[in-house]
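The following pair of complexes shares a single chain, chain A, combined with chain B in the former and chain C in the latter.
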Partner chain A sequence: MRRKGRKIMTLKKISKADVLELLECCAKTWKTYVPLETEGKDILFSLLPTSGSELKEALGKVNLNDERVIISPKDIFFPQLDDMFYFDKDKIKENVEPPAKKLIFGVKPCDAKAINFVDEFFKRNFEDIYYLSRTKDRLIVVIGCITPPRPDACFCTSAKTGPFANDGYDLQLVDIGDEYLVEVGSSEGENFINSYSDFFKDAQEEKLVKAQVVKSQAAKNVKLKVDFQKALEIMKGNKDLEENYKRISERCIYCGGCVYVCPTCTCFNVFDEKKDGNGIRRKNWDACVFEGYTREASGHNPRDKKVQRTARRYEHKLKYDHSVTGSSGCTACGRCLTSCPVEIGMSKFIQEITEDKKGA
Partner chain B sequence: MKNEYLPYKAIIKSIQKESFDTNTYKVVFSDEKIRNSFDYKQGQFAEVSILGIGEAPISITSSPTRKGYLEFTIRGAGCLTKKIHQLNVGDSLYVRGPYGNAFPYEEIKGKNIYFIAGGIGLPPLRSLINIIMDNREEFGNVKILYGAKTPDELCFKQELEMWKKIPNTEVWLTVDKSYGDWKHNVGVVTELWKKTDVCSKNAVAFVCGPPIMIKFVVMKLIESGFKNKDIIMTLERYMKCGIGKCGHCNVGEKFVCVDGPVFTYEEIGKIPAKERAI
Partner chain C sequence: MQKILTTCIYCGCGCGLYLTEDKGIITGAYPSIKHPVSKGALCVKGWNSYEFVNSLDRLTHPLIKENGKFRKATWDEAIKLIAEKFKAFSAESGADSLAFLSSAKTTNEENYLMMKLARAVFKTNNVDHCARLCHASTVAGLAATFGSGAMTNSINEFQEADCYLITGSDTTSQHPLIGSRIINSVLNRGAKLIIVDPRKIELSKYAAVNLQQKNGTDVAWVNGMMHVIIKEGLQDEAYIQARTEGFAELKELVGEYTPEYVEKITTIPKEKLIEAARLYAVTKKAMIVYSMGITQHTTGVDNVKSLANLAMLTGHVGFPSTGVNPLRGQNNVQGACDLGALANVFSGYQKVTDAAAREKFEKAWGVSGLPANIGLTVTEIITAAGGGKVKGLYIMGENPMISDPDQNHVRKCLEKTEFLVVQDIFLTDTAQYADVILPGASYAEKDGTFTNTERRCERVRKAIEPLGEAKADWRILCDVAVACGYNGMNFSHPSEVMEEIRSVTPIYGGMRYDRLEPHGLQWPCPTLDHPGTPYLHKDKFSKGKGTFMPRPFIEPRENTDEEFNFILSTGRIYWHWHTRTLTGRTSTLEREAPVPYVEIHSEDAAEMGIKNKEKVRVTSRRGQIELQALITDRVVRKSCFIPFHYREAAANVLTINAIDPIAKIPEYKVCAVKVEKL
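And now, the complex of A and B:
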């Protein structure tokens, strides 16, 4: 699958002016997901129509430059609401998405990291057919961040998850002015370039130098720095963080916003809906910060206190994920902070426990 | 890739009333292939559902030594389980599994076995009790110490009588509140320590019940010389998927549904105290 540091024979580039045309071509044979501006001017990963005036209109809304993609592309594989199967009185009809080639174009490096992290989660122990069937024949095209999309919240350089990806992509585009230099991360990525060779032109070696300059400037543009490594060590150690959790729990309104926008949060509920004898069993996103999340039928709730749920959220991301997978569940995208009505976020928590600053 | 979320139809063959709010359902899969391939171990659970109502994790209380059917002992506590209590023989449930780890079996051969349970805590142990009873000569003494709020709330009343008659097997019962012709003990389950020897020598203890009971029983077992690794219990948590995905039963870095529900007290000690809830 995806290999690190793969070398290709010739260096390739694509002109920015050609990108929309490439997407138009791809939309015919791939389910193509790309950041689109909504009516309300938000930017969300959306599926391009396959042809016609609808496609033309959608292409007019593609926005690869403004990088405020609100939700990571996790919902392409893990939709907020997922119909698992339909049933009537006696029959069950499963609803697994049929295999389809998917192109996810314009993924942020931190989100690519998250996608790979979540893939591994849904493969571990039992395989989740609903998630994994959507990841088959998938191509991830990353566009590195020249400026941080959330300038006061992104801290990818601290977590080493950006502003450019080192692995976990099929192709990565480096913005070198009027064109993107193309980095190939997998044989699938290489095949893609060959299939659309009209768009991908040979690039001179000196473009590599330019790309390097762009990358190091991009890293400098990420102003928010936290001591991520120290935070992981503190979480692993015996330091009592109850006071920190308590302070956060006094301010947190437990709305679940941070976990919904988190690209690595995967908790879900399962419930049935029924009408006239026909029904659906569905999954929908759930959140560990909700009081009802752990409440048992008997009424007993092992995590009934706010402070326990706050601890759970931070410890899961920074401690347990790390001890199970070897990497933290936080990709430093900063969305938890920008979505929070009371300005709590992972970067602030890390600053607080590493004693950079008070107040998560 | 198997779709783990798809349940299979199972017909209720009999319903045994255990107490005012608890019944044991004997079910048989409609599909012969599923019936023959559903292999489970003592202590595992299944996700049991009524389509249109929902799904819940329920211990399999039958013994894997007794083939062809499954038994679930279900207290009508939540909206699904209350609905199950309205079902009759011939109605269907939907079942998938088995899930979770299992109680040790081979490892405890030759040992003295203690079962200490409270209320609805006996059903998860019943599978192991019966597999031991079916291979009785391979184990040492077996003592079952069982408590409930009232005599009516004891599960498996007939089986308790039956187990008592098996050589080298003791059954000790206690209730918080007695009435009628109750001949056994009154008081919490740890009061039974006064009635029978609880000796840690070559022994292992299985504990299941409400959190407060578990706490006091474990204290008492440790006082009696049991090592943490020889105290075996189940953790109960709200679950949705049963396969380590939905996240509800995540404690520390463990998923109760995959890494548990069976844990030794030694393993439980490694889970942070605030996540343990016992």
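And now, the complex of A and C:
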């Protein structure tokens, strides 16, 4: 897992027609998560049933096209609500997930980047056992985007996070027509191919050329472009962005959606549920846009104004994350924009400060 | 981990969301992208609508009160006791000694069953619910003028309108996904906003015209706008001729409401009134949007009729992105009304006073002798229960201790109520007074439908089993009916209830479950091949010709005097929902607004020497509460605003139980109080 993205020179392909059968096989031994079409015609990462008619039915709903997936697969490791431990007067019982092999199949490159980003976060300053217990024995299969799932909001080429991944995957599939060319990114990925060798055939060299053509066309299909580097420089510099933050904070209706859908947001709140001497310590997704997020026990709040909290969010994503990790905290998936009721988004903010555009 | 599509439990927007389930726990709520309202977004309440479901405070088994204390009981015991008591009251004191409060938080099917339980099983029309406290004025006022008491247009039509007249609706707080559409229209397309509200709201900063009227003077300013429009010849003559009646009477009545006269009543500067009137009249796609600020008055019906008059005068009804749009508060308050949980109508607004309607329902339900008298309404039921006229009271999913006006009166009444049944998911302040408590199911634990503010009947889907021994509310109602010896309520799934609803309710005629996939249908939807109705009154009004119903201005019931010198208005805030039963158990929401407060104007505060967050006492003729002062310029001088969510300082200790004579809605928006520094 540690050498993700390492290119191994094994050229393999898998027929699209065989993918469902592969998933059917995998579901027996792996906890297999794939994008499934819901009864509401949306696409969400969901766990495949392990066998029987339920599995067959679920396989019929697998959707590996370039569709908008509401929430990135981060919720597989970091659910919106999580029971941390149960307690009574005498003891504490941790609720850490027992180890299980997980296959996350059909991850978009930007989301794969985000998963790696969040992995690092939950290891950096402290080891979050609830998160890390879920990431053990995990295999990530990326499928690159031929056309951007959010045509007006995806801007991955600007962040160099897509439409195909350069690293951070175990396997990456490149859509070359009736088949996917398979790129191997880790030894775990290679082991996987070997374990399911019936499905993965050797590919000829010319497929590699075709894949390159597909990738370069895919990059051209991403129309929205912003200048991350310039944004970073501006934010590090002296330019007063107060007006920009003010415009955004005035428009914002404080739903928290941009944070909740962000694949790299990691903030959570911790609270206890108690009854008759027993209790559960729970954590759930939190958002830095809320007033209570930074309110101190005394009642004092260092960021009691909306504009301060807005500024903090952008500074954190673009400047702080970069200073700590060397890359932006935004993977340019575009979800913040498409899930914002009032059409605010990271791409718009970057455009605004780098191109002196008006409007949030 | 399952992800189940359902409909949000909070406001009338009716957003489509997914509940995520893991090992029987609801672990999250995500917006649906394809749903026509949510479109990938939710407000903060929707995003956090999962947490309360798992609360350890949930009621998980029936309780019976013995010697003043609750003890665990079996379902058999509890249901049998209710059946015995209710049958005995009915036999001894008549059917109207029973009363039933249904719930705008429960499903359509459950509301239908509640009114069927009251009417078919117990032969009383004493069945009502909290719509009485929010949009009873709308139902009455719009039915009289247009023929249909519902929001005329659809949520997505907000994206195309060019002018909005918003009055008495804090839209971004209470209907955030409608408020956001308005913000986008103003900022992206330059749509114009007219805000008429005594208190500044989030949307005020976007308004082209801001009118801050004195509380309770709405008929006057609406009449004033119509005066200006007629004087300047901006009315739509062709529309008035072709589609309405009663214009001459209107013209005569509004004749005296000159801008000068209106300014005296409302304090709205005459120039601003004229500006607003012109803007609304000349914009083709202009929507009137209102909510509790219009309805919760002793003149609530008059207010609604006046807005209907204004819309007809300018030809703003019966087209996309126009209309009169009451925003319904609760997730299913529209449905609870549609399904007849009201004292005067069966489902589909078929009147109980109409012999043909009664005969139809008698036949469908296999009973005889359905009562013809109009039943008691919410506040009347509580008073009657306190006075002993109502002996058996069954409350499902309502919390009148916090939500009804004049809390001290409500408390006395509930204390005196001979036999009180409360069916809820939490032990609410109301449930404390119960003799029997029945644990219901949350929205995550049952199937059914909600009908949102735009009349969209959409599915609610079961994601987990009811907690502990709790049961789906529809099943409990069926069990009670069966225990009472009625065999017309042996349903095994809500879809069967909907089949019966379809057969007796013309506006729901086409709402078969399979047709509601994936995102519901808007009524009227009379037949199985009908596509539903995005906007009402196309080509002609539901009642034929629209009727102008001119109303004169009448003062609110309680005015300020030397002692009670502040006007109090109550309302809601973005972070909380109604009596805080759900949002108080949702960490993110509760954290944003943990304490009750009263908004006071900065100059009044300075005069009284009150500092921000300092505790003050607010007193009315009915009671007093102590709470934090929030110094602000949102309210005008000598007025204050208190969110009614908090049991710790319940605003309804102060409010007056004065009601509109037709709609019986209480005047939550105006009463006189005094404010004192402690």
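Definition applied: the second predicted complex is superposed on the first by the 348 of 360 C-alpha atoms of A that agree within 3 Å, B and C clash if a C-alpha of one lies under 4 Å from a C-alpha of the other, contacts with A are read in each partner's own complex, and residues count from 1 in each chain.
To be clear about the criterion, a contact is a pair of C-beta atoms (placed from the backbone, for glycine too) under 8 Å apart; a residue touches a chain by one contact, two chains touch by 3 or more.
Values in this document were obtained by computation on a predicted structure and should not be read as measured data.
**Q** Give one word, clash or fit, describing how chain B and chain C relate on chain A after superposing.
**A** Fit: chain B and chain C sit side by side once superposed on chain A.
**Q** I'd like to know which partner A:Phe271 touches here: chain B for first, chain C for second, both or neither.
**A** Both partners.
**Q** State whether A:Arg281 touches chain B only (first), chain C only (second), both chains, or neither.
**A** first
**Q** If you stack the two complexes on chain A, which partner ends up touching A:Leu55: first (chain B), second (chain C), both, or neither?
**A** In the superposition, A:Leu55 touches no partner, neither chain B nor chain C.
**Q** Check whether A:Ser339 is in contact with chain B, with chain C, with both or with neither, and answer first, second, both or neither.
**A** The answer is second: A:Ser339 touches chain C but not chain B.
**Q** Is A:Leu20 touching the first partner chain B, the second partner chain C, both, or neither of them?
**A** It touches nothing on chain B or chain C.
**Q** Contacts for A:Leu44 in the overlay, against chain B (first) and chain C (second): which applies, first, second, both or neither?
**A** The second partner, chain C, only.
**Q** Contacts for A:Glu250 in the overlay, against chain B (first) and chain C (second): which applies, first, second, both or neither?
**A** It touches chain C, and chain B stays clear.
**Q** On the chain A superposition, what angle, as a multiple of 10 degrees, is formed at chain A by the C-alpha centres of chain B and chain C?
**A** So the angle at the centre of chain A is 80 degrees.
**Q** Check whether A:Met84 is in contact with chain B, with chain C, with both or with neither, and answer first, second, both or neither.
**A** first
**Q** Per the contact definition in the header, classify A:Ile92: touching chain B only (first), chain C only (second), both, or neither.
**A** The first partner, chain B, only.
**Q** Closest pair of CA atoms, one in chain B and one in chain C, after superposing: how far apart in Å?
**A** Shortest inter-chain C-alpha distance (chain B to chain C): 10 Å.
**Q** Once the two structures are fitted together, what part of chain A is touched by chain B and by chain C alike?
**A** Shared contact residues on chain A (touching chain B in one complex, chain C in the other): 269, 271, 274, 279, 286, 295.
**Q** Can you check the complex and tell me which residues of chain C touch chain A?
**A** On the chain C side, the touching residues are 1-3, 5, 16, 18, 20, 22, 25-35, 40-44, 46-47, 50-51, 54-57, 172, 176-177, 179-181, 183-184, 187-188, 202, 205, 461, 517-519, 574, 587-588, 591-592.
**Q** Where on chain B does chain A make contact in their complex?
**A** 1-7, 9, 49, 51-56, 77-78, 80-81, 94, 210-211, 236-238, 240-241, 243-248, 250-253, 255, 258, 272, 274-277
**Q** Using the touch definition up top, name the residues of chain A that touch chain C in the complex.
**A** It comes out as residues 38-42, 44, 46-47, 68, 70-71, 75-76, 79-83, 250-251, 253-257, 260, 269, 271, 273-275, 278-280, 284-287, 290-292, 295, 338-343, 359.
**Q** Where on chain A does chain B make contact in their complex?
**A** Its residues touching chain B are 84-85, 87, 90, 92, 94, 96, 121-122, 124-130, 132-133, 266-272, 274, 279, 281, 283, 286, 288, 293-298, 300, 302-303, 308, 311-312, 315-316, 319-320, 323-324.
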